[in-house]
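Just below sit the structures, each encoded as C-alpha cells.
Across the two complexes that follow, subunit A remains constant while its partner is subunit B and subsequently subunit C.
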Partner chain A sequence: MIIKRLATALLVMFFASFLSFSLLYLAPGNVAEAVLKEQLGFEPTEDEIVAFMTRYKLDKPFFIQYYIWLRLFVTGKLICPQTGESVTGEFLYRFPVTLSLAFSAVAFAACFGIPLGIVSAIRRNSIIDSICRVIASVGVSIPSFWLALLLILFFCVKLRILPVFGLGLKNLILPTIALGLHLFASITRVTRGSMLEVLSQHYILVSRAKGLPEKMVILRHGLRNAVIPVITLIGLQFGHLLGGTVIIESIFSLPGIGKFLMDSIFARDYIAVSAFVMFIAFLFVIVNLIVDVLYTILDPRVRVE
Partner chain B sequence: MMKIVKMRANTAMVLVLVFLGLFSPVISPYDPNELNLKDRLMHPCVEHPFGTDNFGRDALSRVLHGARISLFVAMSVVALTTFAGICFGIIAGYYGGIVDNAIMRIVDSLLAFPNIILAIVILGIFGPSYLNLVLSLAAVWWVSYARIVRGVVLSLKEAEFILSAKALGAGNLQIMAKHILPNALSPILPLMTLDLGSAILAISGLGFLGLGLQPPTPEWGVMLRDALPFMETHPYLMIFPGFMIMVSVLAFNMLGDSLRDALDPTLKLGSKI
Partner chain C sequence: MASTLEYYYPFLLDLASEFRSKIVSPSAVEPAWSTSGELVKYIGTGQFKLAEYVKDQYAVLERNDEYWGEKPKLEKVVWKAIPDAHALVMALKTGDVDIIGAPEHHSAVPYEEVPKLQADEDIEVSWQSYGRFQVIRFNCYVEPLDDVRVRKAINYAVDRGTMVKELFAGIAEPANLPMCSWFKYGPIIEGYEYNPEKAKVLLEEAGWIDSDGDGIREKDGKELEVELLIPQGEANADVVAVYLQSELKKVGIKLNIVSMESSAASEKRKKGDFMMYVHHSGCIPWAPQGILWQNHYTKAEGYYKHFHTDELDELIENVYTTRDDAKRDEYYQQVWKTLNDEAAQLPLYDIVKVVAYRDCVKGYNHAATMYKMDLTSVEIV
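Let's turn to the complex of A and B:
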C-alpha cells in the first residue's frame, strides 16, 4: 500500500511540475527582455535578446525547455534572477519561518479545538455546547486577513502589549491565531460530530458497563476513535493553511515562503514563482503521505485493507 | 420542525444578502465611486453612517455595492466550477477506462495545489481581471465536483433504469443528460452553497492582496486594502467590509450545512442535531 501511495505521489509531483512550468512558459512578456533590462539598466537590442535566448536555451521547444527546467530544479541549480541565489537556497532559508507558523497554527487549533469539541459533545445541547457551535460557525466564516487586522488593531494599537513586526516568539502569537482560527473552528466541529457518533457505539456502553471511570471511557475509548476524522481534516486543511500563510505573512511581514511568493509575483520573477509552486505542491504531497501513515498507526483497521 | 425553522432562517439570511446585491444601486444613498475630496475621511455621522474614505466616497454605499460585486463574482465562479465539474465527472464515470484514468489523474494532481496558491500565481502571472479571477478559482475548484459526480455516475451506471433507457435506444448523450445528470445534482447542491461562501472569502482575500478586482471597484477585499493606511485613525473603514464578508460567508455556510443535512440524512457531521 505504501508503495502504491508513493507511486501516486510521484505521478502527482510530475503533473505538478508540468503545470508549474506551463505557467512559467505561458507567462506574458519576454523573460529575456525583462532580465536583460534589469541587468543592463536600459532597453536591450534585438541581437542581445536573441543571444540571451540562445544562451539560456529559451529558443528551444516547450518540452526541451521543460526538461532543462526540471533538471535544474531537481539538482537545485535553478537560479532566481531577483536575488541571484538558487531557488532551493531561497526556499530552505524561508521554510523554517513558514513551518513554525503552520505548526503553531495547527498546535493552537488542535489544543483548543479538540478539548472544546469533546466538552461540547459530552454536554450536548447545554449552554456550553451552544457557545461552542456558535464559535465554530463564526470561526470558519471570519476572513483570516480581517481577523489579523482586528488583532493588530486591538493588541498592538489599542493595548500596545504585542509588537506587530519582527521575529520572535511574541511576534508569532497574533499570526498563529489569525491563521489557526479557521482550522480551530473546523476541528471543534468535527471533534464534536465524531465524538457524538463514537459515544453512541456499543463498545462505549460496554466499557461503562464494566465500570470504567468516565474519564477513561471518554479519553481512552472515545477520543482515540473520534480523533481519526480530525487527523484527516488537518491533512486536508493543510493546503488552506499554506494558502493562508501567503496572506498572513504579507500582513505581518514574516519572511516565509508565502511572503517570498508574493514578492516574486510583484517583482515579476516567474522562475522563483514556478519553483515555489513546486515546493508548495511537494510539501502538500508529503503532508498527505504523513497523514496516511498516521492513519495506520491510529486506526489498525486500515492496515488490514 | 426545528430543522425547518432553522433552514428558513438560513435561507432568509441569504435572501437578505441577495436583496442587498440586487438593489444596492437603489438603496445606497450615494454613488459608490463618487469622489468628494472636501469630505474625505469623515467620521460616521448622519449623512454618512459608515463615514467616508480617503477619497471622500461614502463607505456605506461602497459596502452595499460590495454585496453586489461579491455575489456576482462568487456566482460566476460557482457556475463555471459546477459546469466543468459535472461535465468532467459524468464523462469520467460514464466512459471509464482510459478517459476516466486520465481525468482522475488530472484531478489528483490539481488536488496537490492548495487552491488559493494556484489562483494567486495565475493572477500574478496573467494579471488581475474579472475573467482571470473567475478562471483561476474555477481552475482548481471543479475537481471536487468532478469527484462527487463521478462517484454518483459509477453507482448509477449499472442501474436498471439506465439499462432500460439503453434498451429503448437512448444515445449516450441522452442518457448522460436526462437520466444521470438529475441524480448527480442533489449531492452537489450543498457543496455549491458552501462554495459560494468560500468563493466570497477567496475573492476578498485576493482583492486584499491586490491580485483580485482592482480599485476603485467597491469590493470588500479591495476596500480593506484601501483602509489599511487609516487603520489607526479610522478603524471602521476596515471593520464594516470585513464584517460583511463574515456575515455573507456565514449565511452561505449555514444554508449549505442545513441543505446537506436535509439531502443526506446518513451523513453525520457536527452541524447535525
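Let's turn to the complex of A and C:
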C-alpha cells in the first residue's frame, strides 16, 4: 500500500517537473539573456549569449535537454545556470528558512486560531463571538504584502522594537504574522463551525450527562473530533503558504526557496525551476502523509480501513 | 568587429567599462592561466577585501591595508542584501543600514520616496547625474512610425519640463537629445522643444486628420495609434507612459501601453515586434560609442528595427576607425544630426542616481561612473 502511494507520488513529481520544464522552455524570453543582463547590468552581446547557452547545454534540442536534465538531477550533479552552483545545494541552503517560516506560520495560526474558534463556538452569539468573527473576516481580507509593510512601519520604524531584515528569532516574528494571518482567520472560522456541529452531537450530551467536567467534554470529546477538518484545511492551505512565502521573503530579505523560485521564473531558468518543482512536490507528498497519519490518530474510524 | 578593423579607438574605454571586461588573476581559475577555466578563488586588487560572504544575505568587507592608492577611512563595511525597495527605505529610517542606493547603478531609491526622506532630520539625500537618459526607441519600419513627420510630431508633443517637475519632484532633468551633451563627442545641436502646435501641423502634413471629431486623427480609415512596450521593472516607466498617453492625446495620437514581463518584452523587441520601446542612452564609459554600435549599427545584429541606414553605418564605422580626434568629433556630430533630424528616438529625462544616508555618514562622494561605489572618504561620526 505504501509502495503504491510512493509510486504514484514519484509519477506526480516527474510529471509536474516535466510540465514546468516544458512550459518555461516554451515561454518567450531567453534564460541566457535574462541571467546575463542581471549579472552585467546591461544587455549582453550575441556572443556572450551563445557562450552561456553552450556552457549549460541550453542550445540542444528539447528532448535531449530534458534527458540531460534528468540524468544530472538524479545523480545530484545538476548545475543552476543562474548561480553556477549545484541546484540541490541551492535548495538545501534556502529550504530551512522557508521551512521555519512556514512552520511558525502554521503554529501561529493554529495556536491562536483554534482557541479563538473554540471560544467563539462555546460563547455563541455573544460579544466575544462577534469580535472573533470580525477578526476572522478582516484577517482573510488583508493582503499579506500590505500587512508586512504596515507591520514593518509600525514595529520597526515607529516603535523600534524589532529588526527590519536578517535572520534570527526576532526576525521571524513579523513575517510569521504576515504570512500566517490568512490561515489564522480560516482556522478560526473552520474551528468555530466544526465545534458547533460537534457540540450538537448526542455523544456530547451523553458525556455531560455522565457528569464529566465541562473542560473535558469540550477538549477531549469535542475538540478531538472538531479538529479533523482543521487538519484538512492546513494540508490544503500548505500550497498557498508556500506561495505566500515569495512575497514575504522578498520584503523581509529572507533567503528562502520562494523568492529564489520567483527569480528563477523571471530569469526563465527552467533547469532550476523544474528541479525545485520536484523538491516541492516531494514536500507535498510528505505533508499529505503527515495529514493522513494524523487522521488515523484522531479518528478511529479511519484506522479500520 | 575588432578583427576586421585596423584601428579601434574605444579599446581602452571598453576595458574601463565595468560590465564589459573584468580583470581576473590567472591563479584564481582552475586550471591556472586557462581562459575557459572555472573561477575558484576571489582575488581582487581593490580598497576592500572580502572577509565574509553569506549568499543572498550579506557580505563583510574589510579595508585592504596593502592597497596601492588612497586607503579608505572605513575599516569595515557590511553589505546587506535587501531585495524590496520599500524595505530598503525603511531599513534606512530605522538605522539598520547607514546608506542606501550606492551599490546599484540607479533607481534603488524610488524617486517618490525622496521628499519623505528629505523631510526626515536624520537622513540626507544626494543625487548625481551621469548623463544616462531614459529614451524611447522607435521602430522606424512600421506604420505610422515609418513617417519621419509622425516621429517628429511625437517629439514636439511631449512637455518634458512639466513631466519632470510633476512626476519626479524636479529631481531628474528633462532630456531632448539622443545622447547627453556634456559627454565627450556629445551632441552640440538643438533638440526638440515643447511645441504641440508644430506637432499638429506636422501630423496634418502627413495626412493624419481628425475627420470624425473623436480627438484621434485618422488616415485612409485607420486611426493614428501607436503602442508603447514597457518591460516590467523599468524604472518609472509606468508613470511616464501614462503621462505620454495624455500628452499624445492632446495632439490626436492614441497611445496604447503594453506592460510586459521583462524577458517577454525583450524577446518581442529582438524580433522587431514592437512600435515604441522604453530604453536608455547608456552609461559612460560605454557611451556614446557602445550604445551607438548596439542600437544603430546594422552588423551588430542587435536591434535591427531601430533606425538604420547605410550612411549611418558608414558614419559609425568612421567614428570607430578614425585616428584624428577632431575628425572623429565631426563624424559623431553628423551621427547626432542624423538621429535627431530623423527623430529616431524620443528622449525623456536624465536618470539620476539617488543615494540616501544617515547624517552620521560623512564624506560620501558620488563615484565616477554609475556602476561604481566610492567609499574612500566616508567615515562614521
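By our rule, the second predicted complex is superposed on the first by the 252 of 305 C-alpha atoms of A that agree within 3 Å, B and C clash if a C-alpha of one lies under 4 Å from a C-alpha of the other, contacts with A are read in each partner's own complex, and residues count from 1 in each chain.
Quick note on the criterion: contacts are C-beta pairs under 8 Å (C-beta built on N, C-alpha and C of every residue); 3 or more make two chains touch, one makes a residue touch a chain.
Here the structure is a predicted model, which is why all the values come from computation and not from measurement.
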Legend entry - Which of subunit B and subunit C A:L153 touches, first, second, both or neither: both
Inset, instruction - Figure out whether A:V273 sits in contact with subunit B (first) or subunit C (second), or with both, or with neither. - result: first
Legend entry - Superposed model, subunit A: greater residue contact from subunit B or subunit C: B
Inset, instruction - Figure out whether A:L23 sits in contact with subunit B (first) or subunit C (second), or with both, or with neither. - result: first
Inset, instruction - Please work out whether A:S253 is in contact with subunit B alone, subunit C alone, both, or neither, and reply first, second, both or neither. - result: second
Inset, instruction - Go through the superposed model and pick first if A:S137 touches only subunit B, second if only subunit C, both, or neither. - result: first
Legend entry - Where subunit A meets both subunit C and subunit B, residue numbers: 27-28, 149, 152-153, 157, 250, 266
Inset, instruction - Flag every residue of subunit A that touches subunit B in the complex, lowest number first. - result: 8, 11-16, 19, 23, 26-28, 117, 124-125, 133, 136-138, 140-146, 149-150, 152-153, 157, 188-194, 196-197, 238-244, 246-247, 250, 261-262, 265-266, 270, 273, 277, 280-281, 284-285
Inset, instruction - Using the touch rule from the top, collect the residues of subunit A that touch subunit C in their complex. - result: 27-30, 33-34, 37, 40-43, 45-46, 93-94, 149, 152-153, 156-157, 160, 163-167, 250-253, 255, 259-260, 266-268
Inset, instruction - Flag every residue of subunit B that touches subunit A in the complex, lowest number first. - result: 105-106, 108-118, 120-122, 124-127, 197, 201, 204-205, 208-209, 211, 221, 224, 228, 231-232, 235, 238-239, 242, 245-247, 249-250, 253-254, 268-273
Inset, instruction - State the interface residues of subunit C toward subunit A in the complex, per the touch definition above. - result: 18-19, 55-58, 80-84, 86-87, 90-91, 93-94, 96, 105, 261-264, 266-268, 286, 294, 300-302, 371
